[in-house]
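There are two complexes below, and they share chain A, which is joined by chain B in the first and by chain C in the second.
On to the complex of A and B.
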């Protein structure tokens, strides 16, 4: 087997959290205000259900999702679905990539550097995304201690400044607005689609569905705690605080004595964020490789990253417009690929069992 | 021409060198013999003891069987092929030709010059054995045999090197070592046809899947206790004649952070030391890069008071931080290289020139700042806490420094991520280089950064996929 359940659990805990530390908190604050925790909770709850559904489906079959599609719908349909999945993974990479670029420019440099400073990341993306599931799993294992140590350090530095009463009273925001916030930030939630891709590549054992779902829930808890910390510190102005994780430990009292050690922790945590980002591209490459039968993932990776580089260069100054587009439309694709298709996959399997 | 002259002539025709000597002698019964051997690497006295003396009583009419019976050498072979004689003489053994016989005897009297067993210079231990390997493969095999008396210990002798015909011993324990691994190692060594193998580092390249990689694929051991412990864990050991450095495969990076002393001292102390080593390596690799990045791109990384100190130190320095650091590192590497190569009596003078003239004067002249020297010196000290890994880390330090000076902290982060992405899929004979961390092997974590007590290390490393997993049973169930 190429990837183990433990490795997937690590992905679900650490990548889930790491991918939501930058712009997710301020955006959620903008839509849902002090009830941002409920907005996030809706998103996580829906994904938890989808993850459980996919994990449970894995217990019924040893086949990959592609093989399942091929058996039920035929090769052409399976290829089309995988083609769409590849497009989906590329789509949900674009905004985080822009966010990463903005984050790097804002946090790693005192003065805004030229755009090319960010471009070396593509060497990393091209190399790592051409690797298979073994690489994905093992990278997650390396990221585990990094994430735990750095997150604990950053949380510890932030905790003293958070005033959690800022989150009260609860449910002050109208429910449609809370749900709207959840929907408009849903492009940060692609984990059920990851699990769908891993299907058949790991050996399912008893209680693994519970393990996977609980791992995702653990990742959700880390994010919820961070959201509470973030809103607890900034309250009403939280929506204007870009790159949330860089702002929470700002007021740590020892900074004066020891320097911005929070920045050092952030730089180390950035490694995990990069692996969380590259996972989408790795899965896009996997989908294209599977549906095209093309044997050279290096070339596919090169092409996918070339597309991303072109988009990044062409829309270099249009981050706000892209973000608006994602908030307005991309949630439809997210719901389709992370909720509807996993549910439909489960139905497919049952139908085949009955026949 | 007698058959004796014919045989000796055939050998001398090929081995024309003057140090190949022919010693002709006649028994009391009038039978002629000729011992051919290479001077300096063959034990001449033993020719007298083991060949001349016993053969005194041979009569003229006695056949080869009688000769064979009288030669009571513990290492005895016979052959009738001249090319065997040539090979054995080159190897240091003596060949005894008998008049009237096409067959000849080979006596294992090899005695190459060898130094005494001493403590190795790089793997020094305060507690624990102090013996180190030397250049003689027989002595080294003996040191291994002395420690592992198991009948399952296998020492397979092979030869490599088209001209040097170097002896290589593949050491493993049958039943513990993964099946097929010794054969794989042997095959990979045999696949390489090179003129000469002067050192085990050549063999190290032969058995590496990616010989051009910055990261090695086999561990080295200069001490027999370390070597034997690794062989007992299920690894394959390789001894190369002429090299005091033995090799072991499969290799995991974590091995370089373990020293023999960790196993001879308190496990808590060993754990602390391992953590210190790991942190030191990280500091050694990243500190110059972080310092340069902070100065050039993100000044906030430096604490305010320290920043004031640094700014007063760097005031008036004509070089940019990256160039300054680059030059300081260059000076360090030059001093390091010179101190290794220079005769010992010049070493002291070199230290004075290096530390006082270059360091102190450069600072006083305002060419290099004090923080740059402190950082480079500290970085160097840190990296040598793990000397086996220093070859890689010192190179990486250069790369990180160049990246930090040109792209800044983000470049350092990307390069680190790239290295992780690269290392996670690399392996040495099927064992991942980053094991037991990626893939996570729970049992092996007890002997990784943490050094657990002996009672917790009951199994052999799981990452090696050995045959016999249990290495320690305690009847008191502690």
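On to the complex of A and C.
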């Protein structure tokens, strides 16, 4: 087996949280206001169910999702589905990649640097994307202590300033608006699709479905606590505070004396955010490799990242338009690939391998 | 199987990559800037001049020095339709694009009373300009003049003003310190009101009598600021900024705070009054007692000093371990606000000759004195609420409370909740021992 259940649990806890620390909180604040926690809960609850469904499906078969598709629908259909999954993973990488670029430029530099300053990140992306599931699992293990320590530090620095009563009253936002907020930010939620790709690459043991689902729930709790902290600090102006994780520890009393010590934690946490981002590209490379039978992931990685680089360059100044497009339309793809297809996977005939 | 050539190529590729990255790393300037060519904005004064905004930036100018003082302070002024225009002018004068990450104080001059402060300060809430941690205060007179005043404790006037707004003073109910974030959160809440300290300058070494134990400051130095404005650098700034055009490209001079003005009188600052705003518009000033009550209610108090009279004697009590809050209920259709305050008191001073045998009993205060202290706090709370109702300015956050805890009645009561308020006081002052 290429990846262990423990490593997948780490991915579901830490990457789930790290990928939602930048723009997800202000966007959710803009759409759902004081009820942003319910918008987030709706998304997490739907994905929890999907993750449980995929994990439980793994208990019924040792096959990969591709093998299941091939056995049931034929090779061509399996290749097409995997091709679409590759496109989906690329799609949900684009906006977070723009956000990473803006984050690095706005927070780590005193004055906005030229775009090429961000481009060396593609060296990292090309390299890591060419690696397989074993590498994904090991990276998650490396990220685990980094994430825990840095997140605790940042939360601790933020806690004193938060006024949680700012989240009151509950349920005053109309339900369609709460659900709308959830849908419009759904491109941050691809975890069930991750698990679908990991299927058959890990050895399922008893209760693993519960472990995986609870791990995702733990990641959700980390995000929910952060959302509460963020809104508790900024209340009605939360939607204007971009790159949320960089804004919550500003009011820690020690920063007055010693400066932005929270930036140290942010620099380190950025590592985890990058690994969470690159996981999408790794899975896109995996899908293309699987559906094309092309043996060289390095070349696929190079091509996928070249596409991303072109998009990043061509639409360099169109972040707002891209964000509007994602908020308006990408939820359809997200629901299809993270809810509908994982649920439909149960319809595929399966037989546990005897080997 | 991969061909060996690809495997070999990948090793070569990663060596090239490593060398390339090392090249990038060692050829980067890491964003370092020449310290002798840079300036840092430590404070900003904002004045309104008709349609224009005048910005006075107090700059810290680092000077390479082997020993002694290695920072000089100067004020540079810019003006324009927006703060961004004015900052651009400052950029042109200083040669350094002024980001406001190190700006720790924003001072609004009295002329800003005619404007919406969130229109004037909108720039600070936009991306990359400020982190919203800068303290905000309104001052008497022109902000430019106040920043140009001289103090004995520091060349950096803004740091002395910040001391008058410090966290320690906030915890002793002597200043209602707030930052950019606080006023925006309050203003964009359902209450639509905010408050900030009102800074006054007094001639150093003066203290006025009166106030029944409350410090009422010293000899006002407001005129002194104007005087120095005419004589010194700030006068040049005011004069030339008046000539500036609408595009924000001209006007303004610069002056140093190091003693060019003829008037060498030193000042000290207090911020015991509080300016209140409704929907960003100036709505009035709370006096010292009302501000004290607001501080008791809103801040975490470590040690506040409360004067009171009992049995013909004047007492000064130290209030410790204070807890406060307010709760809004709807009783028989009438909004009922309970202001709660509880603290433990000890005697800090009595207006009579000290008896060494009696000082050991300072922590055990007699019930009449405690009752007088409670009455004093109640009177100050009452005065504060009356000021809120009179100005129709909900700086206490009553509407926000109504929305949070009685949201079903919010639409019905929001328009006249302040006028309908029934106030209850739950004030307890106990002896420390």
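List of remarks:
Here, the second predicted complex is superposed on the first by the 348 of 355 C-alpha atoms of A that agree within 3 Å, B and C clash if a C-alpha of one lies under 4 Å from a C-alpha of the other, contacts with A are read in each partner's own complex, and residues count from 1 in each chain.
Keep in mind that, in the parts below, a residue touches a chain if its C-beta (ideal position, glycine included) is under 8 Å from a C-beta of that chain, and two chains touch if they have at least 3 such contacts.
Bear in mind the structure is a predicted one, so any value in this text is a computation, not a measurement.
Using the contact criterion defined above for the overlaid structures, shared-chain residue A:247 touches chain C, although it does not reach chain B.
By the touch criterion stated above, A:137 is placed in contact with chain B alone, chain C being left untouched.
Between chain B and chain C, it is B that contacts the larger number of residues in chain A.
Contacts of A:4 after superposition: chain B is touched, whereas chain C is not reached.
By the document's definition of touching, neither partner reaches A:213: not chain B, not chain C.
Legend: residue contacts after superposition of the two complexes on their common chain; A:64 is shown touching neither chain B nor chain C.
After overlaying the two complexes on the shared chain, residue contacts for A:290 are found with neither chain B nor chain C. After overlaying the two complexes on the shared chain, residue contacts for A:118 are found with chain B alone; chain C is out of touch. After overlaying the two complexes on the shared chain, residue contacts for A:280 are found with neither chain B nor chain C.
Looking at the shared chain after the overlay, A:182 reaches neither chain B nor chain C.
Residues common to the contacts of chain A with chain B and with chain C across the two structures: 109-110, 120, 123, 127. Within the complex formed with chain A, the chain B residues making contact are 290, 297-306, 407-414, 416-418, 420-422, 424-425, 432, 434, 437-440. Residue ranges of chain A in contact with chain C, taken from their complex: 106, 109-112, 120, 123, 127, 165-166, 168-169, 172, 233-237, 240, 242, 247, 250-251, 253, 255, 295-296, 298. In the complex of the two chains, the chain C residues touching chain A come out as 2, 6, 10, 14, 17, 20-21, 24, 31, 33, 97, 99, 101, 125, 127-128, 131-133, 167, 179, 181, 184-185, 188-189, 403-405, 407. If you check the complex, the residues on chain A that touch chain B are 4, 6-7, 104, 108-110, 113, 117-118, 120-121, 123-124, 127-128, 131, 134-135, 137-139, 141-142, 145, 256-260, 263-264, 267-268, 270-271, 274-275, 278.
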